[in-house]
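Going by the order they are written in, the chains are A, B, C and D; count residues from 1 in each one.
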Amino acid sequence: MIPQNVGVINETKSKLAVKIGGIAMKNPVATASGTFGFGSEYAPYIDLNQLGALVVKGITLQPRAGNPTPRLVETAAGVLNSIGLQNPGVERFIGELLPGLACFDLPVIVNIAGDTVQDYGRLAARLDRVSGVAGLEVNISCPNVKKGGMQFGSDPDMAAEVTRAVKAGTDKTVIVKLSPNVTSIEAVAEKVASAGADALSMINTLLGMAIDVKSRRPVLGNVLGGLSGPAVKPVAVRAVWQVYRETGLPIIGMGGIITAEDAIEFILAGATAIAVGTANFVNPQATMDVLSGIKQYIIENDVQDINELVGAAHR
Amino acid sequence: MIPQNVGVINETKSKLAVKIGGIAMKNPVATASGTFGFGSEYAPYIDLNQLGALVVKGITLQPRAGNPTPRLVETAAGVLNSIGLQNPGVERFIGELLPGLACFDLPVIVNIAGDTVQDYGRLAARLDRVSGVAGLEVNISCPNVKKGGMQFGSDPDMAAEVTRAVKAGTDKTVIVKLSPNVTSIEAVAEKVASAGADALSMINTLLGMAIDVKSRRPVLGNVLGGLSGPAVKPVAVRAVWQVYRETGLPIIGMGGIITAEDAIEFILAGATAIAVGTANFVNPQATMDVLSGIKQYIIENDVQDINELVGAAHR
Amino acid sequence: MLITDALIIKQEEIIPGFHRITLSAGEAAKNARPGQFLHVRCADTLDPLLRRPISIHAVDREKGEVSLFYRVVGRGTALLADREKGDRVNVLGPLGKGFTMPEGNGGVAVVAGGIGIAPLYFFLQELSVIKICANVFLGAATKKQLFFSGGIEALGHNVFPATDDGTAGYYGNVVELFAQNLSDSVYGCGPAGMLRSLCQTIKKYNIRGEVSLEERMGCGVGACLSCACKTVDEEGNYRYSRVCAEGPVFTAGEVVWE
Amino acid sequence: MLITDALIIKQEEIIPGFHRITLSAGEAAKNARPGQFLHVRCADTLDPLLRRPISIHAVDREKGEVSLFYRVVGRGTALLADREKGDRVNVLGPLGKGFTMPEGNGGVAVVAGGIGIAPLYFFLQELSVIKICANVFLGAATKKQLFFSGGIEALGHNVFPATDDGTAGYYGNVVELFAQNLSDSVYGCGPAGMLRSLCQTIKKYNIRGEVSLEERMGCGVGACLSCACKTVDEEGNYRYSRVCAEGPVFTAGEVVWE
C-alpha cells in the first residue's frame, strides 16, 4: 500500500508545480511578506520545506526601528497594522538571517522597500550577488512609511521607474507588489509590466484607520495603517481579476486568504501562486491547511495541472 | 417625574442637532442610499420621524431595470452588491413615492445618478422645484453602472464638473458622495469643494468581486460589485479623517456602521452626520439603536453639543 | 412583521443534514401565512453578517410556536443547527407574500422537490383546516429524503412519492409524475430546475399554479433590491420583482426563466 | 510550543467579570514556565479574528491541566467566558519568555496589581516547589478584587494586601507598600502605570526586578513585529523588542517607559 500512496502524493505534487518568472515553486502556496517573519518563527509549527516559496519581511538598506506602538488593531474580519518596516537592514539580513534558511529546500523571495529609486536599485544590486535568494518582491506599496512606499505605488510612472531600477540591478526574478490604494491598478500593472517586471504580486494592505471612542484618539501609534485579512478579500480578488486581463505576467495573489477555497478563488481570478498572510496569526499551520485543501480540490475535481485553473473564471 | 424625563430627552435632543449645508437634522443619524429603500419599507420597524435624515435609493432620469442576478453576496463581515441602480426614474419617484413621505417630519435627501454631466444637471433642475426634497446626494461613485458612476467619481475634474452642473440646477443643499476607489480621496474632495458642493458624503462601496469555486464563475451577475459593511469601516474612517483635514465642508460619514461606537468613530474622525447602511439588513432597528447609543455616549461623557465631537480625534 | 429573540423549543435532526427547529414566537405564529418566511440571524458576530431566509414550515397557533425545516448547506445553516433547545435565535418576520389559498372545489395539487416541502407543509396544514384534500407529489433523490409523508397523510392529503433512484414510489421526476395526474391548481416549491419545468407544465396545460422562489437576500423587507427575480405582467412588461416583497410566491405565469 | 484543541475542564466566575478557565492540555502543562502565555482562539468565526494572549495562571502537571485567569474586557474575553465545560478551545503555546526563577537565598517579593496576579500565581506555585517563600504585595481597587490571597498563603507565602479604597490592608498604592518593604528581588505584573512606578522603585533602590508587559499581539510567535515594546540594552542602545518573543517578562532595567 505504501508505495501506491507515495505515488499519488508525488503525482499530486507535480500537478501543483507553478512558475513565477524564473522561480520554480513546487506548489502555489507562498507566505505574505511581514506576516511570516524570516521563516524560522514558524518552523516549530510547519515543515517549511512544504511551502511553495518563502517571502520574508520587508528589508531596507539601513536598519529601521519601526513605528511607535500600538502597531496593530483588530477590525471586523481584519487587522490594521503599522509596523513601519522594522527590520535589521540588508547587511544583517544577509549576514545573520539568510544563512539559517539555507538548510531549507524552498525558494526564498526577499521583499525590499526604499525611500528613493536609488535605494531600490542598490538593494537589488546588493542582493543580486547573494545565493539563496530566488527573487525580489518589490514593495512599492507599503502605506506605512511616509517617504517612499505610498508614492511609488500610487503613481504608474514612479512604479515603472522603481521597476527599471530594480531590473537594472539584478538578474533574479523581479516581482512587483502592487497597492490597492489606487484609482486604476491595471494602469500601474501595465506600466510596471512594460518596465520589465517578471511577475506581480497583489494586494498590499488597504489604507485604513481606527479611532478609540474612549480616548478619542487614533488607535495606532502611526495614526494610519494597512488593512489586511478576510475583510479585504473581495478587493484583492477583484484586483487580480482586473490585472490578469490586462497583463500577461504571472501573479502572486493575496489578501484575506484563510482557506483553500479562498486560495482557489484567487487562482481562478488569475493568480498563478498565492500568499497566506494574516491567516498565519490565526492559525500557524494555515499555509499547510491551504495546501492540503488545494490538493484535495484538484483531486476531487480531477484537475490535471493546477495551471489549468489559473484565470479559469475568465473563460 | 414625567416632566423631568421629558426635559432630559428634549435637552439631549437639542444637543444632537447638526447641520449639513442647509439641512437641519435633529440628530446625526441618516440612512445610506440604497439600503433603506424609500423609507416606507422600514416604517413597520422604526419611527421614521426619529431619523436625522432619510436618504433614498439612487434615482436616475429614466427608469432602470437594474443588473442581472445574483446581485448580492455575503463576504467576511461584509456584503458585495451590484444592484445596478434599479429605480423607477425621477418622474415616478416624484409622482408616486415622494408624496408618501410628506407625512413624516424629517428631511428627505435624494440620491441622484446619471450617465452624463447633463443628466445630473437635469435631475437637479427637476428636483429643485419639488417640495419635500431637502437636498441632493450626488452619486458620482457608484461602481456598478458601466457608464457614468465610476468615471465621474475617480477623476477629480469630472467630479467637479458634475458638482457644478448640479449646483447650477438647484438651490437645495448639494452633497457629493465620494468613492473610496481612488488614489487620493482628498484630491477629489478638494475639487468638489471648490466646485461649490455644500457637503460631502463618504464612502460609497469599495470595488470588489467574488468567485464561486464550484462553478468557477464570478458569483455576481454583473461580475464586479461594491463592498460594504463592517469590513470596510477602517477604510471609511480613514477617508473621513483625510478629507476632514483638507476641506471645511460638513461630512456625512458611512461605511460599516453597526453600533453607536462605530458612528462615534466617524464623528471623531470628522463626520458631522453619519449614515447607516448594510446594518439595516442585519437589524432593521439599527438606526434607532445607533441613535440611542449616541445619546447614551453624550450623556455619559457629559458632551454639551454633539458638534464638539466632530473631528475631535484630530485635536 | 416584527423582530423577536425567539426561544428554541426543539431542534431535531430529521435525517443527517436536515433539521427542524421549533421556536416560541407567538406573534409570528398568529400572523404567519403559508409561503411566508422568517429572516433568521444565525450568529451574533459580524461573520456571517446577514440573516438567512427560511420558510415557515409549520405553525402551532395555540402554543404560539413556529417550525422551520432547513438543510445545512453552508455556514449560516450550520450555525443554526448548532443552536440548542433553550438558546434564543433572532428572527424577523413573517415576511413576504404567501400562497393564495384555493377557493371553490377544484382539485388541488402540491408539488415539492426535496427541501421544497418546507413551506408546503404549512400550506397543507392550512388546507386541511379548510377541509381541502390535496394530491401531494413529493420528489426526492432517494427514499429517505421523502420528508413528512406520514404527517401529510395524517393531515388528510394523498401522497404520491417520486424518487430519482427509484427507491420509493415513481421512478423519476416528480414533475413528470404530476403531469400524469393534473389538477385544477398546483402549488410548487423546490430546486430551480424543477420549478422551471413545473411552470412549463402549468402553462402547457393552462392550469392555475403558484411557485415559491429563492434568491439571495439582503434586507428581506423590500428595501435593497438584491433579491430580484425577472417577472412579466399581463401586458407583457418585464421587470425585476423582489422575491422578499412581491414573492417568494409568484404565479407560474409571472416568472421569467432565463 | 504547540497548537491544541483543549478541552475545558472548568469555567468559574470568581467574581463578576473575572473568570478562571481550566483546560486539559498535557503538553502545555508539562512545558509551561511561569510568565509564559497561551494564545487563545476565543471564537471559530472570522470575527473576532485574532487570538488573545492570556498568561498561564496555574498548572497541574499531574492532571495535565492549565488554568487561565482573565478579566472580561471586550469581545474576545466575553466569548471565552461563554464557553462551557466540555467545549473545546484552541490554544497555541506556551509562548514567550517567562520569569527567571530566583536562585540563592535573597528575599523575594511579588507585586501584583489587579488581574496582574494571573501569571504571578503560577510563579508562586513554582517558588513554593523550590521552597522559596515570597512576600506577596497584592494591590486592588477594592477588597473583593484581592484575588487568591488564601491560596497564596496556602502555598506558604506572605500576603500584604493594599486597596485603593482602603477596604482591606494598606490604604493606597501597592507599589508604595512594597517600597516600604523592599527585598532583594521583585517580580511584578499589573497595569502599565503601576509597572512604571514599580520599575522606578526598582531602579531607585538598585534591586533586581522583572515585570511582565502587555502589548497588542498578532502572531504571538515573533513573526509580525506588532507587539513591540521599547527597550534599552546595557550599552544604552534603544530598540523595539517583541513582547511575545523577548518578553512578556523583561528586566526592569530594559523597559523604556515613554
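In this text, contacts are C-beta pairs under 8 Å (C-beta built on N, C-alpha and C of every residue); 3 or more make two chains touch, one makes a residue touch a chain.
The model shown is predicted, which means the values in this text are computed figures rather than measured ones.
*Asks:* Determine, using the mean of C-alpha atoms as each chain's centre, which chain is farthest from subunit C.
*Replies:* Of all chains, D has its centre farthest from that of subunit C.
*Asks:* Between B-D and B-C, which chain pair is linked by the larger number of C-beta contacts?
*Replies:* Spelling it out, more C-beta pairs touch across B-C than across the other pair.
*Asks:* Taking each chain's centre as the mean position of its Cα atoms, how many Å separate subunit A from subunit C?
*Replies:* 46
*Asks:* Between subunit A and subunit D, what's the gap in Å when you average each chain's C-alpha atoms?
*Replies:* Going by mean C-alpha positions, subunit A sits 36 Å from subunit D.
*Asks:* Two-or-more-chain contact residues of subunit B, please, as numbers and ranges.
*Replies:* Residues 76-78, 229-230 of subunit B touch two or more partner chains.
*Asks:* For subunit C, write out the residues touching at least two other chains, lowest number first.
*Replies:* Touching at least two other chains: 46-48.
*Asks:* Based on which chains are in contact, what kind of graph results: line, ring, star, complete or other?
*Replies:* complete
*Asks:* In their shared complex, at which residues does subunit D touch subunit B?
*Replies:* Per the touch definition, subunit D meets subunit B at residues 46-47.
*Asks:* Touching residues of subunit B toward subunit A in the complex: what are they?
*Replies:* Where subunit B meets subunit A, its residues are 75-78, 80, 154-155, 181-184, 206-211, 213, 216-218, 223-225, 227, 229-235, 237-238, 241, 256, 261, 264-265, 268-269, 297, 309, 312-313.
*Asks:* Can you list the subunit B residues touching subunit D in their complex?
*Replies:* Residue positions touching the partner: 76-77, 230.
*Asks:* In the complex formed with subunit B, which residues of subunit C make contact?
*Replies:* 1-3, 41, 46-51, 92, 215-229, 238-240, 245
*Asks:* Mind listing the subunit D positions that touch subunit C in their complex?
*Replies:* Of all residues in subunit D, those touching subunit C are 43, 45-48.
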